[in-house]
Amino acid sequence: MNIRALVWGENVHEQENEIVRSLYPQGMHTTIAQAIAADGDIDVSTVVLQDPEHGLTEEVLARTDVLVWWGHKAHRAVDDAIVERIAARVFEGMGLILLHSAHFSKIFKRLMGTPCALKWREAGERERLWVVNPRHPIAAGLPEYFELENEEMYGEPFSVPEPLETVFISWFQGGEVFRSGLTYRRGAGNIFYFRPGHETYPTYHDSNVGLVLRNAVRWARPSGPALTSIHKAPNVPVDQAIEPIVERGPKLHKPGEEGYK
Amino acid sequence: MNIRALVWGENVHEQENEIVRSLYPQGMHTTIAQAIAADGDIDVSTVVLQDPEHGLTEEVLARTDVLVWWGHKAHRAVDDAIVERIAARVFEGMGLILLHSAHFSKIFKRLMGTPCALKWREAGERERLWVVNPRHPIAAGLPEYFELENEEMYGEPFSVPEPLETVFISWFQGGEVFRSGLTYRRGAGNIFYFRPGHETYPTYHDSNVGLVLRNAVRWARPSGPALTSIHKAPNVPVDQAIEPIVERGPKLHKPGEEGYK
Amino acid sequence: MNIRALVWGENVHEQENEIVRSLYPQGMHTTIAQAIAADGDIDVSTVVLQDPEHGLTEEVLARTDVLVWWGHKAHRAVDDAIVERIAARVFEGMGLILLHSAHFSKIFKRLMGTPCALKWREAGERERLWVVNPRHPIAAGLPEYFELENEEMYGEPFSVPEPLETVFISWFQGGEVFRSGLTYRRGAGNIFYFRPGHETYPTYHDSNVGLVLRNAVRWARPSGPALTSIHKAPNVPVDQAIEPIVERGPKLHKPGEEGYK
Amino acid sequence: MNIRALVWGENVHEQENEIVRSLYPQGMHTTIAQAIAADGDIDVSTVVLQDPEHGLTEEVLARTDVLVWWGHKAHRAVDDAIVERIAARVFEGMGLILLHSAHFSKIFKRLMGTPCALKWREAGERERLWVVNPRHPIAAGLPEYFELENEEMYGEPFSVPEPLETVFISWFQGGEVFRSGLTYRRGAGNIFYFRPGHETYPTYHDSNVGLVLRNAVRWARPSGPALTSIHKAPNVPVDQAIEPIVERGPKLHKPGEEGYK
């Protein structure tokens, strides 16, 4: 069965800025979705910030294997309740791919638990992404490195948790470095942060970037049904202990009582 | 210079429950603080939920090296703004030690970004903590394992991120296991989760538990001054790039403009 | 295309011990191979210690996606040169699954770089494997825990490097715990250590164990062609630097000279 | 009590090459030792390859807290038995710091279990080390980045295991990046790899490099007495099980028998 990916686009720059519109006339989300769909093994839809519930209803998320996120100017416009809804689905196993300025999205900061800050410079300089983990599935088919002739610079320190694995590290013409491809697991969900993709450059038309996007969606797909039990902290009654035990000592909770949250 | 530790106590069970009061007549926070102070190299204060601002003013946190947290019944009573204030200090380098039911505290969930759920059973059963990382500083001076004859059971899966290092794993009489000592770094701050400490048992009077608390405070202390820069995402102007570069291509931001958050 | 797995069996206990032979009349490797082949998506062969080159010629390894290893009594009989040959293939991307007493195999110690020691007791006691990482691909389809009524005990501390992820933790009847499922990447190769499988018990006839074996083979498969470049430390000539640079200062090596190894 | 550091020098280039001798007239090991001793809290000795047993007798290693290693041309001249002796001490808790070309030393490859290969270019180009983990103890007191105006380039992929934490990432003038400061724990021992230090440049006279060396020695010191138990895989007799159990089922080993290694 095909993987079901959903690309979420902020869709603001495209409406306001002529440069961005000329690069992405149908919106950045559309170009991103086309890159992901290119091999035919991934079914891709798109939704945008301006849709009801930002396009992220319970029903839509329930049938999404991997969510791909591009946002920048309107991070604060994303509803907190929907951020929690996305987080819950990640914990249950939905994959999540965060692109570029999504380092400051509510959902990424929510899942990382850290500031996710960095340095930046918008000078159209050269970025060279080195593959430091050459057979990680997300790097499949890539050369040793690939270049983006014009990109925004992001510089370290990038205040995120130590990742499971570092896949890419970027070299910038102006003298900085950046961990450009980082993997995480949160609950049952696989998370990938991928640095490139400033709105004023044609990054999502680049073939290597497209390959990374497809690889990342394949890597992030769930390995089983939704882990809905992750939201519960069940009491195990004494008489249902796997190994027979006898209750001892004082206790606070009454039988069958819920724990405190 | 002595390490400056601050023990935060929820201080509710002690007021409401005769069993807890009899075990901890001056409050659980006081017993925890006494254990931490026992070697004389750590200066310890205590504050409680009921203090103004829960005792956690900017001034108090600014002079705290390591915060130790015990909470259970009143997680929701902790003010969100103060949770953010603590998180900010952790990012700057303050150590944080979470005890037992603090797995569901707002501050732990905030920093982990995950549900932090688990199984539980209150039967006074035997817990045996195995040291799986025998020369980790937090395990210094401990035997191969130590036992708590009466404890609440916490069982896996514990929905937290993969830790930097696992220090302890618990065996429970009723058949479960639990990762009982886990280390994390978030921003510049060291974080340690330590499982034991149910309020109806004398856990914080145990000498091995006291040793772990002291070791953990020493391990978690900051290695330098507050990293206040972690809250900023500075723009690096093109003419201040370390390596000279020439601005190219279109850009979105005006010179000196702030980034979007 | 089917995954190509190769099961390596030490094949000594089966020849010497009536109990083992009665449990595994065609050899433990055969039972392991049958479990792996059960779903039809994996092509499985077997080789044994006693084969020429232990069955692990360059040709055989070159066409192996995932090698599964069971050894115990004859670790020292494995030729060092063949251990290096296997390691080289792992670095190039071949998956490797180490079973039970293979914790002391030359190849596991070679790849971990640590003693890989542990406690043990042969008492036919109950082992309960808890899934601590519920949607890790290796745990797909498993219940919360599964039991082996008679197993050898392995106890912590297990002196291996901190893993990428911990998948299983075992509870033992006699009071110990053990990290029973650990993942690593070494070079381009995925490695999984799986604890159960003492030769005097019918462990490899257990359906949950069989499911883990199949999942592990699928998880460990290479994500691309052999990374043969991993064995080289190439000199990048100054005039082929990606960014033009001018050679400066003194140097030790002559142009085109090999580095020191 | 002062930390006891031991600097091991290969001491070959200094004898053969006029450039190296002019930079390090008393040997590279002496300059490295002076940098480590500068604050007075670390007692430093030096030994060299040419000493009996390379200066690394059991007695010397037994009283060493942290061993610092610089080697390049004569990796193969280091005796395998002494490599194993060092490894054993690391497992017991001795810290180990590997400098620059020590990425290909026998002891580093032994402990990592991987090829430890990389790209290189000797062009005296600029290296800029970015601190990506700003309050890691090894980065204490450093600015955001520091530069070495003339260094050898090392480029990714660096075939080492995923580290516990990445402390530094280098930018090179010719277009490459490299993970320049990596931490590991192997057994009870802390390990730090630090990239800079090519013999034809004055790197070990640099004040930031000296600060990193001192920080690293302090970070790597053991947190307790030698963990000699790590070399054993003890049998736990059934009648000494912590929780009483009854032996069941068939068994292979006789009471008191050693396990197979």
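All chains are identified by letter, namely A, B, C and D, in their written order; residue positions are counted from 1 within each chain.
In this text, a contact is a pair of C-beta atoms (placed from the backbone, for glycine too) under 8 Å apart; a residue touches a chain by one contact, two chains touch by 3 or more.
Each chain and its UniProt protein: A, B, C, D = Trehalose utilization protein ThuA.
Just so you know, these numbers come straight off a predicted model, no measurement behind them.
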{"item": "Shared chain contacts [subunit B and subunit C, defined touch]", "value": "A, D"}
{"item": "Contact-richer chain pair [C-D vs A-C]", "value": "C-D"}
{"item": "Relative to subunit B, chain with the most remote C-alpha centre", "value": "C"}
{"item": "Between subunit D and subunit C, distance of the C-alpha-averaged centres to the nearest whole Å", "value": "27"}
{"item": "Inter-centroid spacing, subunit C versus subunit A (mean Cα positions, whole Å)", "value": "31"}
{"item": "Subunit D residues counted as touching two or more neighbouring chains", "value": "128, 133-134, 155, 157, 162, 164-165, 173, 175-176, 185, 187, 230, 242-243"}
{"item": "Contact graph of the chains (line, ring, star, complete, other)", "value": "complete"}
{"item": "Of all residues in subunit C, those that touch subunit B in their complex", "value": "128, 130-134, 144, 155-158, 162, 164-166, 169-172, 175-177, 179"}
{"item": "Subunit B - residues contacting subunit D, complex", "value": "93, 128, 133-137, 140-141, 145, 164-165, 173, 185, 187-189, 222-224, 227, 229-230, 242-243"}
{"item": "Subunit C residues touching subunit D - in the complex, by the definition given at the top", "value": "13, 17, 19-20, 72-76, 87, 91, 101, 104, 110-115, 117-125, 150, 153, 155, 157, 159, 161-162, 164, 173-176, 184-187, 198-201, 230-238, 241-243, 245-253, 259-261"}
